[in-house]
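Shared chain: chain A. Partners: chain B in the first complex, chain C in the second.
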Partner chain A sequence: MNDFAWLYDWPQYIPDLLPGLWVAIAMTCVSCLFGYVLGFFLALLVEAPSKLVSYSALVVVELGRGIPILVLLFLFYQGLPQLGVLLAPYPAAVAALTFSAAGYSSEMIRAGLGAVPKGQSEAANSLSMSVVDTYRFIVIPQAARISIPPLVNLTIIIFQATSLATVITVPEIMQQAGIIGSATFEYMSVYTAAAVLYLCITIPGAALSGYLEERMGTPKQRSKKQAIKALLPAAGKLRTAEERQLTN
Partner chain B sequence: MSISHLSPNSSALEEGAPAMEGSFVSAVQLTKQFGEHKAVNDVSLDVAKGEVISIIGPSGAGKSSLIRCLNLLEVPSSGRLRIGDATVDFDTGTPSKASVRNLRNYTGMVFQSFNLFPHFTALKNVTLPQMRVHRRSKAEAEERAMQELKRVGLESKAGAYPAQCSGGQQQRIAIARALAMDPQLMLFDEPTSGLDPEIGAEILQVMRKLASDNMTMLVVTHEMEFARHVSNQVAVMVEGSIIEQGPPEQIMTAPNNIRTQKFLSAVLGR
Partner chain C sequence: MFEIFAYIARGAGWTIVMTFGSAAIGIVLGLPLLVLAESKFALIRGIYNSIVHVIRGVPTLVWLFISFFGVGQLGITLSPVTASLLTLSIIATAYMSEIYRGGMKAIPAGQWEAAGALNLDRWSTLRFVIGPQLFRAVSPSVATQIIGLLKDSALVSTIGVADLVFRAGIMTQYHAHGLYMFGIAGAVYLLLSLPIAVFSRTVHTRITRRYAVA
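Up next, the complex of A and B:
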């Protein structure tokens, strides 16, 4: 047997792993969809005026960010049945990934919402726009420009994290690879094929994130002239501060 | 001197507190507290329909806080406020959403920093609030928007994004956006402070036209020329209170309050 056979052998395992890829993609989509919606509402709650609401939301966020996904998987799959909640492997994995995605995304979304100048919602308020309309048309579209690139990155990380779900027998890529490997002993080839499948998603994903960051992150339209203009209100303040000194 | 001054009844009225009945805006003992600090301290103010009042005063006097209280961007800590038929009493707890909306519908506001929506064109900045708040159709809203953009001399900029407009143009679009909502009271918070003087003059020109069209206006400004020649009344605010209010000529040339004199000599350089 040739030590280098795996170099050209691995592609033959791709077809057998494809069903696992679809499971991984489906888990990513569902977890991120639920996770980011949850993350959005957690972000709003963290900013709520009530301290109790705000701190409770922050605790949920920190749990989502702080507990490793592997631990969450075991908690949901093996821990919850002791409390009478029985989850099948797939829902348990989605729950764990969703929880983690919610925690991380809520901080990204909160950063985006926080970066929208206060004057924007004040202007909408002064025009009698409702709170919901203000978020929908004014705040969220502007926050999205800031939040979307990191959310794309997070989606890639969640996609990679679906591989952990093999430990609770979800039939994703790693589960399939393990089964084939133990039947053929061609571990090098099979896991190379698995790695290539992950890379097929993560590399274009990283490129997309980079592109979006460039397009959305930097305010390119902003000319030097406007940058100077932006400083002028500060100059106005200086003048009025002088007045104040003089009048006191 | 007008004829009414000859009648003993009305002259008595003019000498006393401003008349409540005839006024369009009536603020009574408004106070806005930030923590321990009273940014607005027991201010009462009456504005007649079509009147233009300039609010002047040193930095930190509470001028912005006061006009933000009038459209409830800041909710006053105490006092009462009436604009047209909308009344809100702040002594009896947080005002209801409906009463806030009623009151706000009377007002339009122009900010020092323009606050146009950067992701919309000038046209959409002016149409979207109309469609969402007044439920106007797109065609209706666009017709009205073009009318208002024309009024501020910017119909050619309808398709431009705020970033493609100069500061002066942005401020004029912001004025058009406010006017398209049919406000009966326009609030201006230092609308020209962020602009070069000659660009500020464009804005002042638009405001002058608005005043001559009988719009009721409250203008926080450092433009003494505007205060003097366009407004009917000048109110001087210091440390949260209106210390003096009167016709511009009197305030500018013969102020009664020593602090008004100090402030004016500082800004007018005399």
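Up next, the complex of A and C:
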């Protein structure tokens, strides 16, 4: 057997793995969508004035963040039948990923909400805006600036975590790769193809999150000169006029 | 009941070995990689960047399967323990060196210039000026990364290392009651991550006190 064949024959397995990629992408979309909405409400609950509510929300968040996703997958797939709830592999995987995404995202969203100065919501309140309007028009747009870059990062992490769903027989990339591998014994080629497929999503994703971080993250400190320039749009023109006079 | 708990909890041994073994290797090997990351030559920085992106862009499970099934097919048979320790260490090294690189950015250029003005040689600059500040800057992220490794170490059960998840799975097959078995495993993971978090906080406050912000 040629030991180095895998270096060039891996692309032939990509078409067989593509259905798995769509499953992985679908799982990522569904669980991130639900997870981030859940995470947002958990973040609000953690900040709730009632100690009982805030602590129980915090427990849910810490369970989502602290338990490995693999354990969550087994809990939802092999644990819930104990309570009489039988989940098919796909919903069980989505539930586990959603739970994990909710835990991680709620901390990120909480950091974003916490970074909005209190005066903003107080000002909205004094304008007699409703609570929903305050969040919708004042707080969330400002918090999103801080929360979105880490959430994009988290989406990439969740996409990578979909690979774990193979242990509960969801037909995603690794499951397909395992089936092909055990039939052909070309494990190296098949898993290399799988790795390349993951990279096709994660590398553009990492670039996007880097771009967003630069674009939306905490604004850079401007020098005093730049700040004054921005405040007085005519300042530049005036100075050139002055200079012209001087040179004349 | 107690026997089941004891059986699963004994898996914590491999979990701890995997976590701290790879963390220790990553923390040490991440440092020399900084030389590549901060190199003067764009080519070396490019190579470093692409390696780190590839390592971090591919899921840990894929790396584990490549090093266990893939490398095994090439004629180098690694035991499950070796393969998983190797894989986790390489991934930990990539993450740690990125953390160090982020920490270097947090050190103001004035510190290097001041050390130069005091005629400190390169080694003393690194040891007495840059090192402590780097350590202070990165210690919280390193702790977070170690907790991440603790959770990643659960994956080694898929290639047959008898860690917490593996043993919980065996017990589920024997006795059913998956909720209890994996609940125990999950609880042990939470318990293991607590001391790491507490230890990192004490270390961080001690360093901050000792090397107060200039």
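Assume the second predicted complex is superposed on the first by the 219 of 248 C-alpha atoms of A that agree within 3 Å, B and C clash if a C-alpha of one lies under 4 Å from a C-alpha of the other, contacts with A are read in each partner's own complex, and residues count from 1 in each chain.
Following the convention adopted for this analysis, a contact is a pair of C-beta atoms (placed from the backbone, for glycine too) under 8 Å apart; a residue touches a chain by one contact, two chains touch by 3 or more.
A quick note: this is a predicted structure, and the numbers were derived from the prediction, not measured.
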item: Chain B versus chain C, judged by how many residues of chain A each one touches; value: C
item: Touching partner for A:185 - first (chain B), second (chain C), both, neither; value: second
item: Partner chain in contact with A:129 - chain B first, chain C second, else both or neither; value: first
item: Partner chain in contact with A:137 - chain B first, chain C second, else both or neither; value: first
item: Touched partner set for A:120, first chain B, second chain C, both or neither; value: first
item: Touched partner set for A:34, first chain B, second chain C, both or neither; value: neither
item: Shared contact residues on chain A - chain B and chain C; value: none
item: Residues on chain C engaged by chain A in the complex (per definition of touch); value: 53-54, 56-63, 65-66, 69-75, 150-152, 154-155, 157-158, 164-165, 168-169, 172, 176-183, 185-186, 189-190, 193
item: Chain A-facing residues of chain B, complex; value: 58-60, 71, 73, 101, 104-105, 107-109, 111-113, 115-119, 128-129, 132-133, 161, 163-164, 167, 174, 177-178, 181, 190, 193-196, 222, 238, 259, 262-263, 266-267
item: Chain A to chain B touching residues, read off their complex; value: 117, 119-120, 122-130, 133, 137-138, 141-142, 219, 221-222, 226, 229, 232-233, 236-237, 239-244, 246-247
item: Touching residues (chain side chain A, partner chain C) in the complex; value: 3, 6, 62-63, 66-72, 74-75, 77-83, 160-161, 163-164, 166-167, 174, 177-178, 181, 185-188, 191-192, 194-195, 198-199, 202-203, 206
